[in-house]
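To keep things simple, chains are lettered A, B, C, D and E as they appear, and every chain counts its residues starting from 1.
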Amino acid sequence: MPNLQEYLLLAPEILLATAGLLLLVFGAVGRGMGNRDSALVTVVSLVLTGGVLLRVHAVLNTPRLLILGGSFVLDGFSFFMKLLVLVATALTVLLSVRFLEEGNYRASEYYALLLLAASGMLFMASGYTLLTIWISLETMALASYVLAGYFKRERRSNEAALKYFILGAMSSGVLLYGISLLYGAAGTVQLSELSEALRGAQGNPLVPLGWLLLLAGLLFKVAAVPFHVWTPDVYVGAPTPVTAWLAVASKAASFAILLRIFYEGLGSLHVEWQTIIAIISVITMVWGNVAALTQDNVKRMLAYSSIAHAGYILIGVLAMSQVGLWSVLFYLLAYTFITLGVFGTVILLERREYAGETCADYAGLARRSPFLAAMMLLFMVALTGIPPTGGFVGKFYLFAAAVQAGWSWVAVIGVLTSAISLYYYFRIVLYMYLRDSDQTTPTPLQAPALVGAIAFCALATLALGIYPGPFIELAKQSLLPMLP
Amino acid sequence: MDFLTAHGASLLFYLFAALTVGGAIGVVTLRSPMYGAISLLVTFLSVAVLFLLRSAEFVGMVQIFVYGGGIMVLFLFVIMLVNLHKLPDLKLFHGQSPFVVALAVALLALFSYFFVHVNFPAAFARPEVFTTVPGVAASSNSQAVALSLFQQQLLPFEIASVFLLVAMIGAVVLGRRQ
Amino acid sequence: MNGLKELLWVIPVLPFLGALLNGFLLRGRIGKKAVAAIACGSVGVAALLGLLIIASYLGSPEHAAHQPFEQEVYSWVSSGPLLTAADGVKNFTVDMGFQIDPLTCVMLFVVTFVGFWIHVYSVGYMAHEDGFQRFFTYLNLFMGMMLLLILGNNYLVMFVGWEGVGLCSYLLIGFYYKEEFPPYAGRKAFITNRVGDFGFVLGLFALVAQFGTLKYSEIFPRVAANPSLLLGPGHFGLTLAGFIGLCLFIGAMGKSAQIPLYVWLPDAMAGPTPVSALIHAATMVTAGVYMVVRSNVIYQLAPNIGMFVAVIGGLTAIFAATIGLAQTDIKKVLAYSTVSQLGYMFLAAGLGAYTAAIFHLMTHAFFKALLFLGSGSVIHAMGGEQDMRKMGGLKKHLPATYRTFVIGSMAIAGVPGLAGFFSKDEILHAAAAGGHWTLYIIGLITAALTAFYMFRVVNLTFHGEFRGTHEQEHHLHESPPSMTVPLWVLAVGAVISGFVGLPVEKWNVFHHFLQPVVYAVAGRTTEGHEASVLFNVILIAVAVAIAILGIGLAIRLYGGTRGLAADEAWERRMPAVRLLFANKYYVDELYDKTVIGGTWGLARLLYRFDAGIVDGLVNGARNLTVTVAMISGYFDKYVVDGLVNLTARILDAFSKLFRRLQTGYVSNYALVLAAGMFALVVVYMVLHRG
Amino acid sequence: MHNVPILSIICYLPLVGALLIAFGMKSSQGALIRKVATGFVFVDFLLSLPLWFLFDRNGELFQFRESAPWIQSLGVRYEFGIDGIALLLVLLTTLLGVLAFLSSWTAVHDREKEYYIFLLLLQTGMLGVFMALDFFLFYVFWEVMLVPMYFLIGIWGGPRRLYAAIKFFLYTLVGSVLMLLGILALYFYNSSGLFGWKGLGNPASFSIPQFHQIGASIPPDLQFWIFLAFFVGFAIKVPMFPFHTWLPDAHVEAPTAGSVILAGVLLKMGTYGFVRFSLPILPHATLKALPWVAGLSLIGIIYGALVAMAQKDMKKLVAYSSVSHLGFVMLGMFALNGPGLNGSVLQMINHGLSTGALFLLVGVIYERRHTRAIADYGGISQVMPLYATVFLIITMSSIGLPTLNGFIGEFTILVGAFNRVWWWGVIAALGIVLGAAYMLWMYQRVFFGPLTNPDNRGLKDLNRREILYLAPLIILCFWIGLYPKPFLAVLEKPVNYVVAKVDPTYATAVAAAPIVPAATATPAAAAAGE
Amino acid sequence: MFEVTTTHYLVVSFLLFAIGIFGIASRKNMITVLMSIELVLNSVNLNLVAFSYQHSDLTGQIFSIFTITVAAGEAAVGLGILIAFFRLRETTTLDTASELKG
């Protein structure tokens, strides 16, 4: 019978889930809660969770603690990931407020789903058996299907949900099939035992088939080519805040389990999966960036850009070294702020009925609202990976990992494609600064929450670029036991 | 007769395996979703039997209840709800289905290439593992499962509750009329 | 007195100061008088100072020891370690340094003296032109550069002056910039010179690569003592000395208008006449000769190149002379004559008669400047008219000009006792004494032709009837004293300057004076074949005869009032004698038919050749370059850049393709997923299962 | 003096100005912004002057050093410091900055606020590049600079500005990102080693002096790759022959100030990169690459000159002349001997002065007539005598006429080149002839001949402000031409240092300058460790 | 030969899996597609149970229970989406949902 202290260590997850539940209840009883109130509650609960999380990791006296029969792990890695998820979700909430008002959909369920999904992500970050990981992944996934289709009266939102659901279910089927095969080969789903068993089970054909299918499922979640097909459509169709959240939180969580499983569970096979991931990463970078070149719809362009960035992050993954791990974490952090900032700006510009999505809508923004233009400029610069922004340091770190690990050729593709990316990122800049628009009405900056979020993201982006030291240190707290 | 007693289990397996696959084929080929649902039910039930044959009584039962009961009913409801009288007059398969068949066959070949290279020792199962619980006399598979579920796999169980909550909300949010 | 030579550096500075004042500080603020004062003053002072310094040098121990007096003003270029062939890695430095030695003395005297008087002359000549101040700015600038050229104690300073005078000639030729032609001529001059300089700098590079220095006193004595330093292999299969000599001479070709780079000089006459006198007769164009003589050590070590120089010189001399015959433009005649005389000098230098070359350089400076200024005075009087066919009989209108011009012509023609006689004779003597009879003959013919065409000019211009328009005739007038005085001064120079180099060995002051400049290279005998007095006398006699012949012929054909008027007069007075003279004249007709006609024909031919082909070649070269330029322009635009844009287009195409693959049908996507899964497995098998 | 972070002050003063303008002023008050911005760069220039006097010609290689930990976990430090080469380039930057700003007063009226903000940012970026002694820091500045330049071309440029801007940006970015990989390889080789190569195990750092020290010990094959990476980055910036096509577009489309800075300073970053990094850090590779680089430079010299000759647009002509001139710079540099290197660095300055001046001059007449087509002019010297004179002087300086700066640079470069491989000198010298040809041809077509075009009759000659910003350039041209000693004296130590590092021939002969001990990286920078 | 080994189960489950994939990718009717998804999940269950028997380890069975749970949840949400879809489009044919593309 597991003792209760161990459950105390789950406090953050539990707190978050409970908050979601309460939100649901209060939203249901009587007139229910207004949009702002629920948003407030959500943010507060997220902040609280963050506090609890910090506390929990403060009381830990060991860098790595395995509890609940080895199904749940507490370490620097999970800690970082959880913080990332919480921050991302909180910012997403801020992004959502105005959007929901315009869409006038019930808010409480929306936030409840966000919170529950977030708790699922927390579990993903800490899950240590394939079972745990998978079930929490499904939690997140299911919530995101619903959120994608949350604006159910919008045909596009519904279509997005449909596509996301069918393809997601299929991919999770594949993933599950892979897990089952691994189980068949190893007879266990617990990662440390798994890696032990696999070291014995060399040459068992179930193993490669298993991790290949598993990998396919995960690549779907992180939107890597060729499993990216859902991304553009879903990103465009889903409500923009949800898109942002998908692009950031769900991607980050998926990368978390990718790293966890492949570094810890399948570390012994790294020679095999590194090459595969290298190929995938190259294809992804090229495809994403090239496809983005001719997109006029900003959200779609951003979708492809997020595909491309998945490719970049994979560079760090395939390095299979601590540096690689840290670089991935740092990059995810920087990428979170940048992407949320971008989508925030998009939301701010978005009129009802999905106006403000094409590049043309950005024409002359520099005159209409210099602030927004400057923000967008900053984020675009960061996405391109030009100093002094977090985007640069992140890419720098990733490529460093690759070069050190001897994957320079992948890094070369990476830098070249990131040069290509300049073209489409700066097309927006070009519209904002170099083109004049017919309409000169200054864009009103109502929605303080949203503006605040954007500003925060901008500051964070700069901070990560100018003084990244502390954040890198934070990333370095996470060490995964892996083979050389 | 002794043949039957000797190989009864095997025969059952072959029978229900056939049913399973047959049902599955029915699902994807039958025009009317109603019939599709029926054959899906066939698959479910025969899979349950296959479970039993691998000494997974509890799972088998769950399979029958949840699938045969819950999910199937859900499907039927929906089918009723959106009564598809104008289904028959549109194409059944997507234009690309030949490719899909080809791909499926290719996958089949590929996977079987892997599978034939595994040599599983003839089932050496120690059935008692599935039925015995330390310290409990006359225990059953259910107890064993329960024990394992509530001790080793408690965490996933909890998470599953969150999952179901999400599913509920989702269904409500999406299904509810404004 | 002795310390005066420390002021050497002041000499070039003075004209620069003048240029600075006229060009910038006082630009447009002062009247013409002041401008003239500044310009002439600066040069005049420089000239005086020059004389004093020469004096002080002659009295100095350096001169006694046959050493140049050197002066480092400041360290100019110090450009770090360099691996030299002669002595390993050393720091390549060049000083802004000056030196004075006999050669410099001569050049200094010539340049400042002639320069000063031409300045004076210009005051009158340019009095009515606008751009007066600009003109004198350029002129002073030129003087400064020229002085740098001759005073420098290393090749780089010489090169500065070298290019500087080029610039000034560019500016002065293009002085009338509002017209089309002068700027063109100026650019032609500059670029042709650049082509020469290209050779020059290559020579310098080779020297640096060898010695890591460009200082005369660090190169010549060493080489003279140890010739092997330059006898190593150079490039183009020449010895090092050969290569360097050739490169330097290419530079000289450009600057001193030798075949094939002489084409710019005739065009250069587009500039104001004083410019032609100063730059394109007296000073700049002789820089090449100066440089060759200065580098005599190198040429002594490369006899084959020396001979090449001599041959080019000889060819140029005769070639230009024959062309001179056919000119009707008075300045063109002088221009070709200049080319021809320069050829003479190179002939001498190439044969190792360095002192002779310089001697001729000096005398030529006097009489050619004189002639140009005279022609300038004529043109001035004619209101800009340069065509001799429109002149004639100017003698009575311009007495002073006439007299001085005749003196100049006699001098260049080599009339005994005048400057040209001695210098030319020395050159011919060198050729003959060296046994180079072909060159000697060429020299003789040139001499004859020179005498002939000069007196043709004299006659056509000053004698006979005036053939110009009436209003021209009306305001024909002698030039102001500011112009005639210089004429007289130079005339005096043209008469006496020859006596410093009497043809008798031991009285040849000039020769002995310059001798220290010509290094005695170890293991080589310099010029000075001992020749018997008789031999010398014969040579002189021949030369004189040639000169007289030419002059006589000219007077015969153009003399008097050339034409029927004279004949009729004769017939009325004494018909009997007429036959006699007529018979005599058959000879003349014979001459006319054969010699003259032939020469004329040749002359015309050659002129056409020059105007058409050689010049054409040069222009052709330019056109070619421009075409090549155009082509590379297109290449850049469409190929180099095209590749870049092509890449862009390819990416674009792919992007569109990818978009089309995103069909929007879930089923397709599902298929893609499945296929992706399949592909993943296949790739894995390919990679790891063989 | 060394306790005052003078370099940082100089570097960030423009940034401060930019912030001040960005947040303190309204777009409407253009005049004020103009004055404030110019004031800032002018003060910056004044501040940079003391460097010239305080710089100890015989002191250690890098002076005015500032050092502070920045990203400890990566061993990145905030390191500033300049040697003679950087000193000259910094001064050039601050000077040209002032002139560029002055020249913009009348040229730019549209969106002045942004214009001056970007110009100031650019200034900071450029200064940072020359001052940085930490490779990471260097790279940051190197890239930061691109953005403002992009806007300067893209917003205030000519008709095809959008194309030119993105082309400029893309080209340089491609180059620099590849360079980044080279930097990383160096970094890991110095510290923990990278796949296939065992590292030296030094504390992880990006310190440039540190890299200089380990340079010789880098295995040749690794050197080759790093050199390649650097080469692409720098060669595009220079630009060398096949990579030059961004230059004409950028130059032609950019506003005057942009062109001035582009030609005057930005191009120097490529050459500076070579002399600061490629040569001393990768001697083996440099020697191996010698013929190729020299070949490209020679092609660049001739090719640039020929193409320039074919141009009908003054600015384009000057742009291509830059290709030719920078060919000289590269050639001299890769002559790898004293004269070559000295000349090449000096020529960087000269090119900055003369080409900068040329662009200013073209800008002057462009403001009056709004055309740059040579054909539209002719006989200008009749209406603008002073302008003509100045233009002539600059032309002469650009075609390397003695007593002007261009000559010193070109001559020494040629001496060096000839000394390395004699026919390099021969071909390059041909370039000089061509240079005279196209420059004088343009000069004649613009200034001489009859004043045909009636529009040109009313042209005003230079006004006070224009004289003010042209005068210093002319003075400098003469100064360097007549008395280059002070500049060469500043260069002596660094040049000898580089020469000694890269070419063993000179290593013995030249007493290599004392290498400043690399900044001690913090232990935390075991970073790249495992 | 009659002996039923894990391989047999693998084969069956894989057939199921393949058929499921086929159904998802080639049926136009959304309901059928949802059913096919269930097929895939069932195939996984077969694997799990078979392997758990193979290893005499309960985890497989537990896992399959979770799978069933998840299947139920997904079915619920999926059908929810379907209903919303039907409300918007009055059909359950997938191809009608192709506004988002390119």
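Keep in mind that, in the parts below, contacts are C-beta pairs under 8 Å (C-beta built on N, C-alpha and C of every residue); 3 or more make two chains touch, one makes a residue touch a chain.
All values reported here derive from a predicted model rather than from experimental measurement.
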Joint neighbours (chain A and chain E) are B, C
In terms of mean CA position, the chain most removed from chain A is C
Centroid check, CA-based, most central chain -> D
Note: of the two pairs A-C and C-D, more contacts are counted for C-D
Of all chains, the one whose CA centroid lies most distant from that of chain B is C
For the pair chain A and chain B, the C-alpha centroid-to-centroid distance in angstrom is 32
The distance between the C-alpha centres of chain B and chain D, rounded to whole Å, is 72
Whole-angstrom distance, CA centroid of chain A to CA centroid of chain D, is 42
Taking each chain's centre as the mean of its CA atoms, chain B sits from chain E at a distance in Å of 8
The positions of chain E in contact with two or more other chains are 6, 10, 20-21, 24-28, 50, 54, 57, 59, 62, 66, 70, 73-74, 77, 80-82, 84, 94-95, 97-102
Within chain B, the set of residues that touch 2 or more other chains is 94, 96, 100, 103-104, 107, 111, 115, 118, 152-153, 156, 160, 163, 166-167, 170, 172-174
Residue ranges of chain C touching at least 2 other chains are 659, 662, 664-668, 670-671, 674-675, 677, 681
Touching pairs of chains in this structure are A-B, A-C, A-D, A-E, B-C, B-E, C-D, C-E
Counting only contacts in the complex, chain B reaches chain E at residues 7, 9-11, 13, 17, 20-21, 24-25, 27-28, 33, 36-37, 40, 43-44, 47, 50-51, 53-56, 58-59, 62-63, 66-67, 70-71, 74-75, 78-79, 81-82, 84, 86-87, 90-94, 96-97, 100-101, 103-104, 107-108, 111-112, 115, 118, 120, 122-126, 129-130, 144-145, 148-149, 152-153, 156, 160, 163-164, 166-168, 170-175
Listed in rising order, chain A residues that touch chain B in their complex are 1-2, 17, 20-21, 24, 68-69, 71-72, 106, 109, 112-113, 116-117, 119-120, 123, 129, 131-132, 135-136, 138-139, 142-143, 145-146, 149-150, 152-153, 161, 204-206, 208-209
The residues of chain E that touch chain C in their complex are 21, 24-28, 94-95, 97-102
Touching chain D in the complex, chain C uses residues 74-84, 88-89, 91-92, 96, 156, 159-160, 162-164, 167, 170, 174, 177-180, 183-184, 187, 190-191, 194-195, 197-198, 201-202, 204-206, 208-209, 235, 622, 625-626, 628-630, 632-633, 636, 640-641, 644
So, in the complex, the side of chain C touching chain A is made of residues 651-652, 654-656, 658-659, 662, 664, 666, 668-670, 672-673, 675-677, 679-681, 683-684, 687-688
